[in-house]
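Take a look at the structures below.
Common to both upcoming complexes is subunit A, partnered first by subunit B, then by subunit C.
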Partner chain A sequence: MEYNTIGKPQPIISSVDKVTGRAHYTDDLRVHNPLHVKILRSPHASAKIISIATEKAMALSGVKLILTGADFKNTFGVLPISKDESALAKTVVRYIGEPVAAVAAESAAIAEKALKYIDVTYECLTPVIDMRKALDKTENSIHPELKKTTNLHKAVEQNFGDLDTGFKEAEQIVDEFFTFDAVTHAFTEPHATQVVLDGEGNITVYSATQVPYYLHKALAEVLEIPMHRLRVIKPHLGGGFGGKSDPFPHEMIAVKCALSTGRNIRLVFSREEVFYSHHGRHPSRINMKLGYHPKKGITALKGDMLIDGGAYASFGVVTSYYNGVLLQGPYELKNFGFHCDRVYTNKPVCGAMRGHGGVNPRFATEVALDIALTKAKIDPGYGRLDMILKPHSLTPGQFRITSSGLKQGLEKALQSSEWKRKYGKLPYGKGIGVACGFFISGSALPIHWTQMPQSTVRLTIDFDGGVTLYSGASDIGQGSDTMLAQMAAEVLGLPMKMIKVISADTRLTPIDYGSYSSRVTFMAGNAARNAAISIRKQLVEAACEILEIPPPIYASPAIPDSSFDLGGREPDFGNPYLGPNPKYHSDGFTFKDQLITTKQGNKSLNYLDVVRKAMDFQGALQAKGVYLSPKLGGDFKGAGAGLSPSYSFTTFVSEVSVDTETGFIKVDKVTCAHDCGFPLNPLSVQGQLEGSIHMGLGQALMEKMNYSRDGVLQNANFLDYKIPSAFEQPEINIVALESSENEGPFGAKEVGEGALAPLSPSVANALYDAVGIRLTSLPMTPDKVLKAMQQLKEG
Partner chain B sequence: MQEQSVRLLTLKINGQNFSKAVSPGMTLLEFIREEINLTGTKKGCDLGECGVCTVLADGNAILSCITLALECENMEITTIEGLAQGYELHPLQKSFVEKGALQCGYCTPGMIMGAVALLNKNPEPSEDQIKECLSGTICRCTGYTKIVEAVQDAAAHMKK
Partner chain C sequence: MILKDILYHRPESIAEAIGLSQECLNNGQRFHYLGGGTDLIPNLKRGQCDDSLHLISLGRIPDLKKIVEEDGKLKIGALRNLAELINHPLIEKIIPGLALAAGKIASPQIRSRATLGGNLLVDTRCVYFNQTETIVAADGACYKNGGTVCHLIPNASGKPNKPCRARFVSDSAAILVLADAQLEIASASGIRKIGLREFYGQDGISRNNLSPSEIVVGITVPLRDYRVMTYEKMRLRATFDFASVGIGFFSDGQTLHFSVNGVESYPLYRAFALPKTGENAVEGIYSSWLQGICEELAKNCSPLKQDLLSPAYRKQMIAVLAKRAAYKYIKPRSLNTLEC
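Up next is the complex of A and B:
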């Protein structure tokens, strides 16, 4: 199939603005005469607030408003089932860095100064820092409102098949314990929010958010503002990775300050505040028991996880489930179970981070599998091949696997990395290792339960022929605006420059759940494609009118019974939901290079002439497209977690050098095969893979939030929180891999998140090949390497 | 905070003189972003750790968040806004766009300014020299792979 725009490298559409400094991020906006807001944060991990005296601070010239917890009646949280957070602490503080009071003043310097004049009297309590202690019985739980006798937030469990029988069938049983430190997103743009009021009482909120729609809803609820008075806009966003997807206290504070003072508001975080705001990956303690049989593959898999949620719920219930359910692939599995406890501790909140919930258990499983394979004397690379889930299959928890290119990808990666020549044969200190993984292309079930389509996209074409595409999806740097423009450009045969994308503005753009769970390409992409097909139909009708030929007759498809048969439907033009990936070429025309040409007879019309003709009938053209996931999944507790219309698959082969004197691991080369279906924009696909490798490498080798026993985050800055630099980035060999996903837009699936998880286990497995040690703890810092080498030596 | 004496400072930024009343503690970054509203230069940490605020002072790459504005009197400051000639992008800007060396773009101005300083001094840098230059700036999106390629590509174009 010859495509116009997709499948070819496209620089992202805002890239010239970004290289010239023209791109405006939230704090770059210059709103009229704003008050500046600064936040006073708790110095204690756990304390009662006895009193807050604000008089001295209020008396400073230029201070306009001071807010405390008493000013906020309603709590919030990203999940409707766990709204446990107040914008400012009310009676207790639960972590160091928790917002306690906020000052709005004429300048940032005055607001900062005023913070020092606020007297807060605390009565310190004993904090719970170690997640294991959070399961102890206590009369002073961190969240007494839950009326629990421990600090357990959520326990989830699922079991499928028969684990006992599975372990009995096994030839090798690996039972290993793993630990993981906290890591954070470390996006370069600090959180920022600006608020602009108008004379009609409308409130426009500019915020660095991945999900304008959730923020809009949360602001309305917390501050009791009618939703129609609000408008949330995401300007350019300097990185999210999950860390800007919750509605945040500072966003509530900024809007409250605007409402209380009648002034515009500017609020921006320091880097230290970004670290306290966190919402990153949960520190975890995972026991993984895996049964393996050379002929049967994984006969049983049982995970027991304890994850440290920090002080509040955030996405925690979802994270807890993802810790387990994302183990159902990418291997065939019948007997599978997990139990995950998420606990509250007196530390900054953990939430969603790239690869949400699936990253740490993936490490545990891939290392355990590697141990089993090597014990059974099976090649851990080629041995994995026979175990991979086949396309068109169901996992134990009834995930519907549609397309999968993993088997082909792993074969290619092993060949391309010369695995056979290297594995077990490299000199001491050098090693090669492999790991695989899979991930969702968006959650089939929205967080806020509704039957509404997951994405809606609106398209207009006006007198100038330019196409405007409106989508609520947030471009957070991943290039989603570019992907959306590609959908319209492809269907309409127009250059990318004729498509203007307006996105992430709750006044202008139709509802979309935003950018998380790797959902945008699949869901908003399908919606954009459907909208473009609808508007193409209007142009085809006008073209037929000009050519005086009858309009095409479109097939009306029957709705298939089986969820496996949903792919490749013909469009149903009466419905904005055209079915998954409908084919539109049967309309008898070719749209290319601004020409609309009949397939028979080759009569060509100029695109603009056809637009004019179409407008004769109806004025400006508009169309809507939506995406609605097919009904999926089983009927049991937690069945909705991890359901996705489609899954991506990844494999990494990593090659490492270990300095046996210092214990320092260098990852020399990573060979990567990622099945994202059809790569719509190869440049962005590569960029996402390279970025995932960078972030995975950080967690594998160096990144760690260092908490003292009192709950002090000791490395809340970029000098002490180590992130891989250009020197650490390995040579990357991306193996070309295409599968076609019948239900994805032009066959595409996700690429942004799935490729992170298998990186760290591939490095750990390479470390074993290099020096014979198994590390079961991330990050794999030199001290751990040396200690394990010493232990190996001592036997 | 002590009340600070304010004085008039003239800085030459992108070839143009700007005179503003500044306090001794004002950083060059504050002068650029808040006084003259050139927001292309970003603030990522305000502690000299992340590099996104990198600008040129007499051709040298400096961290504007830990440089006092007063120190820059009589210097030629260049920010990301001063790089392109009208619509004609600097070769580094062009290469960053074409090679996909940016995603969220927040580190991009700092990355590019650092690379400009490198290529001006060393038109044929080795890969390690490029990496050393880039290691002063954090990019969390790209993994640096395409940024290294873009700098190599720009160096090749600038040689022609």
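Up next is the complex of A and C:
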């Protein structure tokens, strides 16, 4: 199929503004005469708040308002089942850095000075820092309201098939224990929120958020404001990675300050505060037991996870499930089970981070599988090929696998990296390793139960012919605005410059759940494409009128290949408009280069003439497109976790050099094959893969939130929290790979998250090939490498 | 943290600068000399320096920016930025090891601001010192932060002598101590000279013997053959980081000179006379002797838990890096080396 704009490299539409400094991030907005808000944070990991004296601070000239926990009645949390957080701590503090009081003042300097004049009397309690201790019986649990005798937040478990039989069938059983330090998103732009009031009681909130709609809802609930008075706008955003996908205390504080003072508000975080806000990857302790048989593949897989959630729930229930359910791919499995305990500790909150919940267990599984394969003397690269989930199949937990390019991807990556020539044959200190993974392409279930479509996109065309596309989806730097514009440009045969995307403004843009779970391309992309098709129909009608030919009869939507087992249910694609991948080309016209041409007879009309004809008697053209995912999954406990209309698949082959005297690992080259369906924008795909490799490398080699025994985060800055530099970034070899996802927009799937998880195990497996050691803990710092090498030498 | 009201001065001579600082001292006002500011300004922002405050910029004083070869010495002005050192023909000709070490400091952006003087005087670092107010409050202020405890050295809290083991991290000093460079220091009473080896003290708080109103004018390097000189810098990330362990190495043909950076509160310096093995001394030394002195070097150091890498590992690396540095010249480069 010949496309107009998709499948071709498109620069991100705001890229020039971003690199020239013209793009406005939340911090760049200059709202009129705001009060500046600063937050007083707890210096104790666990303490009772005995009293807060604010009089001295209030007495400072320029201080207008001081808020404490008593000013907030309602708690909140991103998941409706665990709203356990107050904007400011009420009776206890649960981590160092927790917001305790907020000052609104005429300048940031005054607000900051006033923080020093607030006297908080604490009674210190013994904090729980080590996640293992969180399972001990206690009378003073971190969340007494849960009335539990330990600090367990959530225990989840699923079992499929027969694990005992599975392990009996195995020739190799690997039973390994893995540990993972906390890592954080480290996005460029610190959190910021600004609030603007008008005289009619309307509240406009500018915030650096991935989820304007959830924020809108949470603000309305917590502050008891009708939703229609609130408007949430996400300006340009400097990276999210999951770290801006919760409604946050500072956002509640900013709006509350505006309401209480009647003034505009400006609140901007320091980098240190970003570290306290955290919501990054859960530190984990994982036991992975894997049974392998050369003929049968993985005969059984059992994971036991303990994950450290920090002080509050956030996405924790989802994270707990994802730790388990994201193990049921990308290999065929019958006997599979997991148990995951998420515990509360007195540390900053953990939540969603790129590859949500799936990253650490993927490391454990891929390393365990590598151990099994090497023990069985089977090539760990080509050996994996026989085990891969087939397209159009169901996993044990009834994930509906539709398209999969993994087999082709793994084969190509092995070939392209010259695996056969290198594996097991490189000199001591050099090694090559492989790992695979898969990820959801949009969570099929919304966080709040509703039958509303997950994405709605609105399009208008006025007399100038320019297309305005309204979408609630958040461009967080990943380029979703560009993707949406591509959808419209493609269907309407227009240049990208004629499409203006207005996004993430809850007053103007129709609802979209936001940027998380790699859902935007699939869901908002489908909605945008559907909206464009709908407006195209109007143009086709007008064109037929001009040409005096009868309007086309549209073919009914093509039903995708449903020959695979759906557990006895009919496929339900739930799309009220156009079906999964509508063949709009059956309308008999070609839209290209602003010309609308009949396929038969080759009569061309000018796009603008057709637009004006279509506007006769009805004015500006409007259309709406939606996406609602099909009904999926089984009906057992937790069956909804990890359901997605499609899944992406990834292979990494990493090549490393190990300095055998110092233990430093240098990743020389990474070969990557990622199945994102049809790559809508190859430039964005490349960018996402390079970013995933960089971020994965950080967790693999050096990133770690360094907590002291007392729960003090000792590296809350970018000097001591080590993100890899350009020096560490390896040569990247991206293997071209295309599959076509029937239900994706033009065949596309996700590329933002899935490609992160298999990076670190591919490095660990290469490390084994290089020097014969198995590291089972991240990050793989040189001191760990050297110690393991010495232990190997000593036997 | 927002910088408080600051009085900014821009003197055009050393005498004027010293005059300003004397005036501050007489009036009981606090001041800092400002070079490139890459260490001072972040520390001021973090509230680690006093915020009273007069900043006396040294950037307009021509006498601080010389690089000349005279009287059998190389003289480098303290206000020369690190990027200039890396590319300067005189430094390349006389002491290329200094250019090498300067090139390993921080990042290109910082190197084009940070000065040699500033790097020589860079404050010692500690995981408990280089922290924000919230974290200092959480831990309890340590000696170096004006408190009464040390979180790092066992049983050190409450001691009258306030022991401090904050780490010395100047990469340029690690090279210049090998060359027995001298500092030229100006004060109201004139110019004094002191060897860099004597300049630094062992205490992480007082650090060196510079008094408040003194200005480091520059450094003098005696002209010798510095071709057999190198600097090994180990850090988790290959750029933009202080040394977890840094090893300076220099051989003058009779003696092997080593320095250790990033571990103790000063640049540890040790010299070992080569065993007499006839004409070709450098080529002829035995690897076991070298192994021995490298291990002795490590024994002289006691790393503490101030880094993401473990103290035991860093101690081990002192010997590994020292050997690696020496072997760069002593044996053909057959080792599997990675740039650290």
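FYI, the second predicted complex is superposed on the first by the 772 of 795 C-alpha atoms of A that agree within 3 Å, B and C clash if a C-alpha of one lies under 4 Å from a C-alpha of the other, contacts with A are read in each partner's own complex, and residues count from 1 in each chain.
Please note the rule applied: contacts are C-beta pairs under 8 Å (C-beta built on N, C-alpha and C of every residue); 3 or more make two chains touch, one makes a residue touch a chain.
Model, not experiment: these values are computed from the prediction.
Colleague: Using the superposition on chain A described above, determine whether A:M487 touches subunit B (first), subunit C (second), both, or neither.
Modeller: neither
Colleague: Return first, second, both or neither, reflecting whether A:V349 touches subunit B, subunit C, both chains, or no partner chain.
Modeller: neither
Colleague: Touching A:D783 in the superposition: subunit B (first), subunit C (second), both, neither?
Modeller: Touch partner of A:D783: subunit C, not subunit B.
Colleague: Mind working out whether A:A57 is in touch with subunit B, subunit C, both or neither, as first, second, both or neither?
Modeller: In the superposition, A:A57 touches no partner, neither subunit B nor subunit C.
Colleague: Could you let me know whether more residues of subunit A are touched by subunit B or by subunit C?
Modeller: B
Colleague: Let me test your reading of the model: by the given contact rule, A:D27 touches which partner, first (subunit B), second (subunit C), both or neither?
Modeller: So A:D27 only meets subunit B here.
Colleague: Between subunit B (first) and subunit C (second), which, if any, makes contact with A:V16: first, second, both or neither?
Modeller: Once the two structures are laid over each other on A, A:V16 reaches subunit B alone.
Colleague: Identify the partner contact of A:A186: answer first if only subunit B is touched, second if only subunit C is, both if each is, neither if none is.
Modeller: first
Colleague: After lining up the shared chain so the two structures overlap, which partner does A:A109 touch, if you call subunit B first and subunit C second: first, second, both or neither?
Modeller: both
Colleague: Going by the contact rule set out at the top, does A:Q686 touch subunit B (first), subunit C (second), both, or neither?
Modeller: It touches subunit B, and subunit C stays clear.
Colleague: With the touch criterion stated at the top, can you tell me which subunit A residues are shared between the subunit B interface and the subunit C interface?
Modeller: On subunit A, the overlap between the subunit B and subunit C contacts is residues 109, 112, 270, 717, 719, 723-727.
Colleague: Note which residues of subunit C are touching subunit A in the complex, please.
Modeller: That would be residues 1-2, 4, 127, 130-132, 134-135, 137-139, 234, 236-241, 308-310, 312-313, 316-317, 320-321, 324, 335-338, 340 of subunit C.
Colleague: For subunit A, which residues are in contact with subunit C within the complex?
Modeller: Residue positions touching the partner: 41, 43-45, 96-97, 108-109, 112, 270, 272, 276, 429, 657, 659-664, 666, 701-702, 704, 706, 708, 710, 712-717, 719-720, 722-728, 781-783, 786-787.
Colleague: Taking the touch rule as given, give the residues of subunit B at its contact with subunit A in the complex, in rising order.
Modeller: Touch list, subunit B to subunit A: 1, 37-47, 49-50, 52, 79-81, 83-84, 89, 93, 96-98, 100, 102-109, 112, 128, 130-132, 134-135, 138-148.
Colleague: Would you tell me which residues of subunit A are touching subunit B in their complex?
Modeller: 9, 11-12, 14-25, 27-28, 30, 109, 112-113, 185-190, 236-241, 268, 270-271, 476-479, 683-684, 686-687, 690-695, 717-719, 723-727, 729, 732
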